[in-house]
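The structure under discussion appears below in the form of structure tokens.
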Amino acid sequence: MMSMVDGRAMEAQFEAFRVQLDDSGAVRERLRTVVADLDNVIRMMQASLLPVHHATLQGKEVLDKAKSYIPSLQKIYSQLSEIIRERPGQYYRYHDHWRSQTHTVVFLLAFVHWLDTQGLLSHREVETLLNVKSEEFSIDIEDYLIGLCNVSNELPRYVVNRVTAGDYDCPRQVSAFLSDLFSAFRILNLRNDLLRKRFDGLKYDLKKVEEVLYDVKIRGLMSTQATANPMES
Amino acid sequence: MMSMVDGRAMEAQFEAFRVQLDDSGAVRERLRTVVADLDNVIRMMQASLLPVHHATLQGKEVLDKAKSYIPSLQKIYSQLSEIIRERPGQYYRYHDHWRSQTHTVVFLLAFVHWLDTQGLLSHREVETLLNVKSEEFSIDIEDYLIGLCNVSNELPRYVVNRVTAGDYDCPRQVSAFLSDLFSAFRILNLRNDLLRKRFDGLKYDLKKVEEVLYDVKIRGLMSTQATANPMES
Amino acid sequence: MMSMVDGRAMEAQFEAFRVQLDDSGAVRERLRTVVADLDNVIRMMQASLLPVHHATLQGKEVLDKAKSYIPSLQKIYSQLSEIIRERPGQYYRYHDHWRSQTHTVVFLLAFVHWLDTQGLLSHREVETLLNVKSEEFSIDIEDYLIGLCNVSNELPRYVVNRVTAGDYDCPRQVSAFLSDLFSAFRILNLRNDLLRKRFDGLKYDLKKVEEVLYDVKIRGLMSTQATANPMES
Amino acid sequence: MMSMVDGRAMEAQFEAFRVQLDDSGAVRERLRTVVADLDNVIRMMQASLLPVHHATLQGKEVLDKAKSYIPSLQKIYSQLSEIIRERPGQYYRYHDHWRSQTHTVVFLLAFVHWLDTQGLLSHREVETLLNVKSEEFSIDIEDYLIGLCNVSNELPRYVVNRVTAGDYDCPRQVSAFLSDLFSAFRILNLRNDLLRKRFDGLKYDLKKVEEVLYDVKIRGLMSTQATANPMES
């Protein structure tokens, strides 16, 4: 039978655990509050991008509006960083709190960048835009890659809407971009997990865009300039 | 359309990702190999403890056999530590690989300790036995607590078998221990997760042991010496 | 474009495939017919064993009735063997057809054997009873082990019914048998599959039987002869 | 109760099972390692074929690059064969380990062959290319057929991209090939399983290609030479 001394030692130990579990609980509470703000900014930034599917003029205005949320994102990620920096080595302990939101943030930044430049926003550029690169807090590579898959998933709808709006060169641009992205993903040795599953969707996106490109081509709607320019073929 | 320069930059970036993902995959592969060894040692240590439920003599021999596996556990946890130490700050990234096995290891060590001393093996003592306490690799507190829940789950069966074997004082000892453990868990502010669920099981274990204690008492089977000694009540 | 020659070669190849697939389909059809007979015999043999849970006298008669189905089982397994022997190396191609039935057959044979002798029917004895041991057709070890798990699952109910019928020595016999069986399974390095899952159930069966043994002991119902005989302790 | 002799016999039997289960586990471990290599080669070979959808010139170069992986495939299949050859009659016991990868390998080889010759790669030719035909290790016919279904699934996308690139004769070639393939599958008496399900997809692929052919024809884009030559119709 346990002596009373043992009982007190047991209690003392659990009292120490309580402090640590409460501390960890407090971290999670702070993270939840910050991530709730993040959800808000994401929602508004997504809303600001809706017109790209329908505006006749692509509009620097629309992109400027979307980019105007970047400082808010920076502020929120700096709050996340600060919380995690106080707990060295525990980034992955709390990663789940901001993981899915980060997928969407990467999507938003990379989609805006693509609309702006038709190029790929690099992982380093995401970290620069969010101002997060440090020893203790960075953007996980797999989160970045899933964000890119989200961009891919958005593009077929975008292409369909652009063509409807009379922009017949869009399918060629998107098809080239997705084809490059698809090839790049092929470099990776993906294990059978979430990322692999998301990658499998890329092929479907590419195929869909190629079908739109086909429709445009077969009807002779593509600009002759585009097909004639050997630098772009 | 992406320029060729962009296409190459994309490829270079993904090539770098490939290296990092492959590196992380190699870590997981190494962890899996070590954890397979851990599974083996756990299995043998569990087998060595089976006689405690049936041996007429409790047997220092049985406990010595069980303890003889501790050096093997130390070796395996030192291998885990070594792999993780090479990746500062990524303990929780790979934690899932050894989590469930660690629950069982804590159970085995704490059960052996209880059989030996009727006392609780502390978190610090678990780390000392496994020789793991360091900045980079320690036993997560929640894993330790779940291991204790496993001890609790084992005790009703143990009590039933001890009484069957004629050891009528065992229920009182176990009931006192579980009652203390239950009180100690009550100190914690458990969230609605695995640990809370496991804690809910403790109450059932305690109730079951108390029923055995009742059966023994009501039939006048408990030793009068034991009930008469106020120091042990 | 394919030439006509190619079209004909394609057709010739598929014609050959048709023959092979039809042949394999015919094998499956024959197996299905034989396994339907097996289902019938299993059902009758199971029915013949129902009285063991309730008969006051265990009854050589009941066991003899159950054993009377063994020749039918032999006949059916010899038909299975014959079909598979015609297809060297394809035992595991068609294994699924008789797998689950074989679990039950092993259960029935091993349960009858236990009722008869309180001992374990070995894998070799199963093959001898079914008259199947050959190069091309044998009883898969995992199927045998799952059959034993089924025996374990049956024993708690059996013990409860025997005690109800006034046989107070039964729990001790069964507890000893299950405890040995549980220890024996611990020797195996089970992977995380069906067999491992079934093994996890053994512990529950053992615990249940131990509780019945406890009930009998605490009420002083066990025969003193049994507890006094050191050869059986 | 079991005698001690029985307990020891039980243990001896399970010790023998342990050896056999461990041996089978070791086989699976070796297969997993080899199949991980296979995944890598498949990934690279798939990447090498991506340009066929977009290159203006079909490019012997692209096909040569793809074919350059065949020796690696041969090496890996010879390793699989070697492992299985040590276990006569157990090909189908372990078949699941390489089944899905073999579907993709057949797809890759047959697609390259079609790009090269517009003809169908036969089952025998697959085995010759992989250098596997032996008593103990061959390519399962159903795996070959599923690989062909994968070729069919790839062709609509290929046709769409070829037409977009201005190759208006491609739809007719592909339509003829798929039509022959569809007829050939019709010869088979498919059961209600994976293969039947995949075959159902063929019809959709053929329909899609025929629609492209229609689009091209209705717009007068097909070369008159092609339609005029009766040898190719």
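To keep things simple, chains are lettered A, B, C and D as they appear, and every chain counts its residues starting from 1.
Basically, a contact is a pair of C-beta atoms (placed from the backbone, for glycine too) under 8 Å apart; a residue touches a chain by one contact, two chains touch by 3 or more.
The chain lineup, named per UniProt: A, B, C, D = Translin.
These numbers were taken from a predicted model, which means no experiment stands behind them.
A.B. asks: Could you compare the number of C-beta pairs in contact for A-B with that for B-C and name the larger?
C.D. replies: Answer to which pair has more contacts is A-B.
A.B. asks: Select the chain at the greatest separation from chain B (Translin), using centres from the mean of Cα atoms.
C.D. replies: Computed centres place D farthest from chain B (Translin).
A.B. asks: Centre to centre, by mean C-alpha position, how many angstrom separate chain A (Translin) and chain C (Translin)?
C.D. replies: 53
A.B. asks: Return the distance between the CA-based centres of chain A (Translin) and chain B (Translin), expressed in whole Å.
C.D. replies: 39
A.B. asks: Once you find the CA centre of chain B (Translin) and the CA centre of chain C (Translin), what distance in Å lies between them?
C.D. replies: Spacing between the chain centres: roughly 34 Å.
A.B. asks: By residue number and range, which residues of chain B (Translin) touch two or more other chains?
C.D. replies: Nothing qualifies.
A.B. asks: Please categorise the chain-chain contact pattern as a line, ring, star, complete graph or other.
C.D. replies: Per interface graph, the chains form a ring.
A.B. asks: If you go through all the chains, which pairs of them touch?
C.D. replies: Touching chain pairs, listed by label, come out as A-B, A-D, B-C, C-D.
A.B. asks: Please name which positions on chain B (Translin) make contact with chain C (Translin) in the complex.
C.D. replies: Counting only chain B (Translin), the residues touching chain C (Translin) are 39-40, 43, 46-47, 50, 53-54, 56, 157, 160-161, 163-164, 212, 215-216, 219, 221.
A.B. asks: Name, in rising order, each residue of chain B (Translin) that touches chain A (Translin) in their complex.
C.D. replies: Where chain B (Translin) meets chain A (Translin), its residues are 1-3, 6-7, 9-11, 13-15, 17-18, 20-22, 25, 88-93, 95, 118-120, 122-123, 135-136, 141-142, 145, 172-173, 176-177, 180-181, 183-185, 187-191, 232.
A.B. asks: With touch defined as at the start, can you tell me which chain A (Translin) residues reach chain D (Translin) in the complex?
C.D. replies: Interface residues on chain A (Translin), with respect to chain D (Translin): 179, 182-183, 186-187, 189, 207, 210-211, 213-214, 217-219, 233.
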